[in-house]
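Two complexes come next, and they have one chain in common, chain A, joined by chain B in the first and chain C in the second.
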Partner chain A sequence: MATYSIPVGPLHVALEEPMYFRVDIEGETVKGLEISAGHVHRGMESLALQRNYFQNITLTERLCSLCSNSHPCTYCMAVENLAGIDIPERARYLRVMADEIKRLASNLFNVGIMAHTIGFNSLFMHVMEVRELAQDIKEGVYGNRMDLAANCIGGVKYDIDDEIESFLRTQLKELKRPMDELYRTYEKDPLVTARTKGIGILPEKDAIRLGVVGPVARGSGIAYDIRDKAPYSAYDQLSFTVQTETEADVRSRALVRLREAIDAISLMEQCLDRMPKGPTVPDCLPDIPPGQSVARSEAPRGELIYYLKSDGTDRPQRLKWRVPTYMNWEALHIMMNNCKISDIPLIINSIDPCISCTER
Partner chain B sequence: MLPFLKILVRNIIKGPATEAFPFGETYTPKRLRGRAELDPSRCLTCGICSHVCAGGAIAMTESADGRGMEFRLWHNTCTFCGLCEHYCPANAITMTNDWHLSHEQSEKYTCCEVQFVEYPVCEKCGERMLPRLHQRLSKGLVGSVSTAEIMRICPDCRRLTSAMHQIKSKVSLTAGRSNS
Partner chain C sequence: MTPTTSDSPFKAILPYRDVIHTTDSNGNHFGWVDLPSPEALQITGKRLAEYGARLCTITAFNKKKFAQDGDMQMVYNFDLDGAVLTVSIPVTPHDRRVPSLVDYFANADWHEREFAELFEIELTGRDAPKRLFLDPKIDTGVFNRLVPLSSMMNGASTKQLWETIFAETSMPDWAKEAK
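Our next item is the complex of A and B:
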């Protein structure tokens, strides 16, 4: 059988983000893969060095749209670690809430695109309609559909009053039934399972070897979640399960994401129940000493690490982040080995690649 | 058999989920971060807003005659992050929920929030000085001097008043001692 190579990308592989794959194929089967990245490099690490600590909150929020809360949150955590700031108790819960609403919307977006990739557009539209409830929460509570602007150094910029609390509770309650319905659809619908079961398998030992993170790792049966391993914000006060699946295919990764989205609703409700009254920010501006610090958090796509080095001025000397997609895209070599051409976009989408934060 | 069919039928009966905007009404939440606005009567011209502004959208320029400070926020550069509103110590900047910012290409440099913050005049010498804090601080006293009084005069007169006050209290203190 003839062997030849075809280009996939850089545009419209699964999500509208540029990534280029050179795929060697034999007939219809993928035999080799070469990934080339760097199409949307914007020099953001360098930009961060030209801005002061406050401006970088907004800059890091613009890294990526879907995990736009995880970046400033982890950045602020790194600054707080360096300056030795303890954030107020109420702010801890408010940070969890901002994190979880973004996780919910991000995971729904990914499974929605999965439905679109397999040609099930009515399901895709329905997922996006359910996601609108989460978008309304973001717009109503934070003031924007994507960039929440919830974090600041030492706390959070927003607060929840009685009116917002009742709005939140109604929205969350309204989300529950459609979410359970969606989960059943992705779990049982033969049209979905026919295309996703047994596709893009990443065995547990390969997942460990490649150090994958987030739902990709948990879909391969590795119970690794920063919210559980190294709790930050108020995660140590809240109860949730680290969701895992053992089949390690596209379907199990989607199911993990959906279950985490359902968990996010419960986490937000727990926050509303347990949140103490009090201030949300410290009463003075931060003083950032020279030194280095690291912070990590669980973004919707997995473990996110921030490294910060300060020389005592009002600008960082170095700011670096390691994003989950960087760890996950190497796993595509294993997942796409011997798969069919038509499954390429589906497998790429299953790692939920976020090119804009990986290439920044 | 096909669990999605039920959802599909329900969605067809329900009709479109989208809003009819721009031909119909749309809903704007109260907290939406839209066009930023400055209240010049509250502004202290401290400049923290332009310091934290991520896009560099805020420029503060002192007028040539020294009458005050011009505040200029370029809406096209604003990222609507709300840092200026958060860090403003006098609650002078607010993010309104007005998102109607479309304008013609020819207006792109004039689509700004421009306000002039006039410096108050010293009651004693008539010099211009930085805006007073007394609207916020008039309730309390700082040390033994009335803040409300000290904020109406310029820093030079302030120093003098404060020094005189100290001398007076010292004189009365020593006088009290010599009496006993």
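Our next item is the complex of A and C:
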């Protein structure tokens, strides 16, 4: 049988962002894969060294759009860890709310694109219609549909009054039924199941070996979630389940994302119920001392880690972040081994790749 | 980060007495250790792999910010079932080699390719890593050079583009004078 190579990307209809895959094919079957990055490398870590600690909140929020709250939030946590800043109790809950609305919208976007990739466009449009309720929440509460600008060093920049709380509760209630219906469709619809079950398998042992994170790891049975293992903000006060699946395929990863989106609604409601009154920022902030710190959060795509080194000036000596997608690319070699050409976009989408995050 | 004297989750894993143990405001555990030389990293990496640690990230930086060809530091962050251990090693200008950890942590590959490319650090114990990000025409070690912010953001560009446009476009005299 003839063997040849086909290029996928860097600009390709199946890719939302630029990445280059050279795929070795034997007939219709994938036999080899080479991944080339670098098409949107912007040198943002270097930029971070030339901006002060406050300016870097704005910079990190612009790393990417779908997980744009996770970056400034984790960055602020790293600064707070270094300077020993305790954030007010109310701000802890408000940070969870901003994180979870972004998780809900991000996960829905991914499973929506999955429906589009398998040719189920009416489902894709329905998912995006449901997602509009989440987008309305972002626009209504934060004034923006993507970058929320919710975080600041020591707390948050927004608050919720009675009117906004009422709006939020109504929107969250409206999301519940369509979310349950969507979950049942992805779980039971024969077309979705036929195209996603048994595709792009990543066995648990390979997931551990490659150190994958987030829904990719949890879809392979690894019950690891930073919100549970190393809680931050108010997650230690809230009730949620670490979602896992064991089939380790495209379908498993989609089901984990959908259940986490449903959990996000519950987490936001718990925040509204339990959030104490009080300030959202401390009265004053200390100088940032020399030293180093680490902070982690569970972004929609998995563990996000920030390392901060300070020389005592108003700008970081080094700021490094490792995004979840960075850890998940190599798993494609396992997932795509011996898959069919038609499954390539489906499998790539199943790791929910964020290329602008990866390349910084 | 608050130093703590409570039972350290790192004591059983690393024999070093000087592992500093801190907690954050949520009570999460962090360990910090400075290894004396790059060679000690391989022993530590092997030990951490045996205990089921997961490599989170690797960071390289100049000890003196924006210094070129000066002393550097490599920082390795590992996850130990929820606790984060940060291991630092020095890299001198005379010997920019560090041992590879790919034999113990398969996910070290991308991290090592990245810092080898951006900071011109040589890896021992693995084949020469393929570049990860930048165009091969760009020199390695580009992160070690100071690039002015205006240049990086393309704010400072040559006049070539506008000169070409002016030359090829008919425009009123007042516009030509304004250039």
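The working rule: the second predicted complex is superposed on the first by the 355 of 360 C-alpha atoms of A that agree within 3 Å, B and C clash if a C-alpha of one lies under 4 Å from a C-alpha of the other, contacts with A are read in each partner's own complex, and residues count from 1 in each chain.
By our rule, a contact is a pair of C-beta atoms (placed from the backbone, for glycine too) under 8 Å apart; a residue touches a chain by one contact, two chains touch by 3 or more.
The structure presented is a predicted model; accordingly, all values stated were derived computationally and were not measured.
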Checklist line | Combined model on chain A where chain B meets chain C, clash or fit | finding: fit
Checklist line | Touched partner set for A:Arg22, first chain B, second chain C, both or neither | finding: neither
Check: When the two structures are overlaid on chain A, which partner does A:Thr58 contact: first (chain B), second (chain C), both, or neither?
Finding: first
Next item on the list: Identify the partner contact of A:Ser46: answer first if only chain B is touched, second if only chain C is, both if each is, neither if none is.
Entry: second
Next item on the list: Quick one: classify A:Arg169 as touching chain B (first), chain C (second), both or neither.
Entry: neither
Margin query: Between chain B and chain C, whom does A:Lys340 touch in the aligned arrangement: first, second, both, or neither?
Written below: neither
Next item on the list: Examine A:Tyr142 and indicate which partner it touches, taking first as chain B and second as chain C; both and neither are also allowed.
Entry: first
Notebook entry, point to check: So, A:Glu359: does it touch chain B (first), chain C (second), both, or neither?
Noted result: second
Next item on the list: Return first, second, both or neither, reflecting whether A:Lys229 touches chain B, chain C, both chains, or no partner chain.
Entry: second
Next item on the list: Aligned on chain A, what is the least Cα gap between chain B and chain C? Give it in whole Å.
Entry: 11
Notebook entry, point to check: Which parts of chain A are touched by chain B and by chain C alike?
Noted result: none
Checklist line | Contact footprint of chain A on chain C as seen in their complex | finding: 1-2, 24-26, 28, 30, 32, 54-57, 59, 61, 65-66, 75, 77, 79, 81-84, 86, 105-107, 109-111, 132-135, 143, 147, 149, 152-153
Margin query: Per the contact definition, I'd like the list of chain A residues that touch chain B in the complex.
Written below: 51-52, 54-59, 61-62, 120, 122-123, 126, 129, 132, 139-144, 147, 149, 152, 157-158, 164, 181, 184-185, 188-191
Checklist line | In the complex with chain C, residue positions of chain A that touch it | finding: 37-38, 41, 43, 46-47, 49-50, 80-82, 84, 86-87, 209-211, 229-232, 236, 291-296, 303, 305, 307, 309, 311, 317-318, 320, 322, 326-327, 329-330, 359
Notebook entry, point to check: Inside the complex, what are the residues of chain B that reach chain A?
Noted result: 1-4, 7-8, 11, 17, 29, 31-33, 51-55, 79-83, 86-87, 95, 97
